[in-house]
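Shared between the two complexes below is chain A, which pairs with chain B and chain C, respectively.
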Partner chain A sequence: MSPLSLIRHRDRLLQALVLVGLVSVWELSSRAGWVHPFLLPPPSDVLARLFADMQSGAVFVDLGLTLYRAVTGFVIAAVLAVPLGILMARRRGVQWFFDPLISIGFPMPKIAFVPIFILWFDIYDTSKVIMITFSCFFPIVTATYSGTSHIDKWPLWSARSLGASESELLREIILPLASPAILTGLQIALPVGMITTIVTEMLMGGSGVGGAMIAAGRFADSVGVFAGIIEIAILGMVVIRALDWLRARLLVWHPENRAH
Partner chain B sequence: MAAGDMRSVAAVDGRGSLVAVVALCVRYLPVLIMLAVWELVGRSGLVSQQMLPGIGAIAAAFLDLLQSGELVVNAWRSLSRAATGLGLAVLVGMTVGLLMATRPLFRTLFNPLVRILYPMPKSALIPLVMIWFGLGDASKIFLIFLGCLLPVIVSAYNGARGVNPFIVWSATSLGASKEQVLREIILPAALPDILAGCRTALAFSFILMVSSEFVIAKDGLGFLIGSLGDGGNYPAMFAVILTVASTGFVADRLFGSFVSHRLRWKEQA
Partner chain C sequence: MTADFGIKIEGVSHAYPGTQGLNAAGTLALKQTDLLIRHHEFHALLGPSGCGKSTLLYLIGGFIPVQTGSISTQKGPVTAPGPDRSIVFQNFALFPWKTVLENVMYGLQKKGLPEAECRDIAQAHIKLVQLSGFEQAYPSQLSGGMQQRAAIARTLAVDPDILLMDEPFGALDAQTRRVMQEELRMIWKRRPKTVVFVTHDVHEAVFLADRISIMSARPGRIEHQIDTGLGPERDESTLTDRRFVELGEQIWRLVREQAVLASRGGL
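So, the complex of A and B:
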């Protein structure tokens, strides 16, 4: 083992120790009554609740529904926004029409439109998914548009002068060169989509982690609230890691992955 | 050459403003088209006026809300919460991020926390802040603070870590103290990243302000939207929603021009 990796392992170990220390202090302070257990229920109680919900299957129903809504909304947004972004960069007419609409829509807090979507599409999954799509759409289209319009002109010109058709140009040159920017857009949109999923679930009810948490909050079940926070933290981490992994897989050829 | 210069000067002086106005109209024509479509769909009776109130009705409701003072009071409540949470987050986040970048001890202490909290959708904390701080201001300020804190910490950390070490070494060898290195070198070099993080945080502050007011509040713009919607006063509900959306838009644009003013020393890419 080289000295450098020893230092790195020591740092990892220390960081793990910090976490263990924090959780122990939390457990102790709530058991000893320094903090009221209603405000900060001991982690062992929260874990016990998570375990019980896992055995009854409730956790998997809630997590599954939340994941299904978030992923559906996110994928629909990507399917709509990536082609639109590319078209905006390639066709002046499309750019003229959509650029002002998107540059106005992008910085707006989309979450404020939830009541309109409730009014139009009611409170069930359709409405939640449309809201998630709406909030993920803008970061993806903006990143795709800017990434596609900033790609290097030389490969484009060379390919065209070598007789590449428009579809070959798209598949062989534009998509690969714009893919880092497109993936960055997806990586920005995903956390936004998760936030939106949770808020729509809290507002519209129905199962799902957000709905379960707000119900627990209303019934003053703080153990349930903490269990929900842990579930959602794990779900958030998993989907973000999954997208990071996808990026590394899709961009193996890209210099950004050469360091590993 | 000289004639060309003269012509461009004349264009800026005289007809230039007219040209600029026309260009602006052409640029924002799609927005007008969308508004016209909105109005026509509502008038045609394809969709009920309840679902899609006309632009005139929304504008009238907006003026009513403005005159009654409801809009101003609630906007003040909301924006002061968002500003407090965001301001605290920027102060604390910059400090923590810079300390993490310059002191290994802080990095070891805070890194695990940041890594756990960063990917977590902060709106999940709404029920928790409700339990901790009740329905008043404190719960929403704390939520906005936490949500904005993480992007600021991470951007300050990344910005400070990305500083060219040669400049730091040169300054140190010329006798700069640790504080001087921080103030004169690391902070300016990390500023573009920090400001980008603050812009993300600004967007988060609006999202969390509105969503927390939807779920738990007695006043504020989110609460106003909810109560108008529950009362079936849809033109007013649309008016407040559009107010929130345009406030978010204007805040982002103002911050954007502040950033480009602050970073005008930077070479354009």
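So, the complex of A and C:
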């Protein structure tokens, strides 16, 4: 093992120890009664609950539902927002029409639309997925538009002089050139989508991790609420890591993925 | 049917718009430029930095619109970029997400050639610019000189009728440069084409070109035109040819004159 990787390993180990230390303090303060175990249940109880729910399969149903809603909403948003962002950057008419709408929509707290979406689309999956799509859409379209507007003219000129047509230019040259910015937009939108999923589940019910947490809260089951927090933390980490991995895979060519 | 000119440039002026506040009046890069480049002639373009050489190439390439005057080739007036006029840009302009091989294959694929043929032609040109072994490398993994050679391969591979080159050997070391010069001259002899070759290197211009134009300081015009009259064969012995040496000195003086004017112009 090289000295550098030894240092890195030692760092990781120390970081893990800090984490274990904090959880131990939490456990101790709850067990010793320094805080009321109802307000802050000991982590061992929360873990025990998680294992029990895993055995019954309840965790996987909730996680699966939440993941399904989040991913569906996110993917629909990406499929709509990426082409629109590119077209806005390349076609004056499209930009003229959509720019004001997006300037208004981007900074708006999308969650304010929950009541109206419930009226329009009811409280079931359709309504939740539309809400998630709606909140993911703006960061993706904005990042795609700005990334595409700022791409270098040189590869475009090269492609034109090598015989690329206008539509080939969009697919073969502009899309890959804008992909770092597009991926950044997706990376910003993903946590937004996760938050929206949990909040809509909490507000509309219908199981999922958010729904399960609200239910636990109603029954004064603080251990259940904490179990939900841990599930969300793990799910969030997994999907964000997955997107990081996808970025590294898609951008192998980019200097950002080059060792120094 | 075929006109006897390769590229006809008549009364071309080009002004770049200024940015607000800073240099609000804009920059006049070319002023009433006339230049007739003969069919299948190897034409070198010399001139002080900033005199509008790149601008003139971009206009011929159709990348920027002609504002005043006209530019035409045998295919008629230039209005847009096209594969009949391929260019090696001063800054290479490779596709960063494509490997060297994919970069060189791109123009061949656009010509509609079968995949296997694209690959063969691309490989041959990668070998020609001495990049064999780097087919799978991305541009960001190459040195400046290697990127430049990849760009040359990509442009030569499509075998255009008009070849525009903007200081294509600028990033190369002296030895590689010499090899590339001889290769280019050979390619041009094997498959005649109209070449416009921008360079700062007077001896490179004399070694390669049939005719040389010297541009004035900005706003650029063609100030002098010189026939090298060195004949079609160029090799080691050309370098010691008396005419080669004399031309070098003569052209060096003319270019220097313009460079001095450029510096007096208070750039």
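Everything below uses one rule, namely that the second predicted complex is superposed on the first by the 259 of 260 C-alpha atoms of A that agree within 3 Å, B and C clash if a C-alpha of one lies under 4 Å from a C-alpha of the other, contacts with A are read in each partner's own complex, and residues count from 1 in each chain.
Just so we're on the same page, a contact is a pair of C-beta atoms (placed from the backbone, for glycine too) under 8 Å apart; a residue touches a chain by one contact, two chains touch by 3 or more.
In this text the structure is predicted, and so the values were computed from the model without any measurement.
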Chain A residues touched by each partner, larger count belonging to chain B or chain C: B
First, second, both or neither for A:G64, with chain B first and chain C second: neither
First (chain B), second (chain C), both or neither touched by A:G163: second
Partner chain in contact with A:L177 - chain B first, chain C second, else both or neither: second
First, second, both or neither for A:G206, with chain B first and chain C second: neither
Touching partner for A:I214 - first (chain B), second (chain C), both, neither: first
First, second, both or neither for A:W253, with chain B first and chain C second: second
Which of chain B and chain C A:A233 touches, first, second, both or neither: first
Touched partner set for A:W154, first chain B, second chain C, both or neither: second
Partner chain(s) touched by A:P43 [first = chain B, second = chain C, both, neither]: neither
Contact residues of chain A, present in both the chain B and the chain C interface: none
Chain C contact footprint on chain A (complex, rising order): 154-155, 157-164, 168, 173, 176-177, 179, 251-255, 258
Residue ranges of chain B touching chain A (in the complex, touch as defined): 26-28, 30-31, 33-34, 51, 108-109, 111-113, 116-117, 119-128, 130-132, 203, 206-207, 209-211, 214-215, 221-222, 225-226, 229, 234, 237-238, 241, 244-246, 248-249, 251-253
Residue ranges of chain A touching chain B (in the complex, touch as defined): 11, 14-16, 18-19, 22, 38-39, 96-101, 104, 107-116, 118-120, 191-192, 194-195, 197-199, 202-203, 209-210, 213-214, 216-217, 220, 222, 225-226, 228-229, 232-233, 236-237, 240
Chain A-touching residues of chain C, taken from the complex the two chains share: 61-63, 80-83, 85-87, 89, 91-99, 106-107, 110-111, 138-141, 154, 158
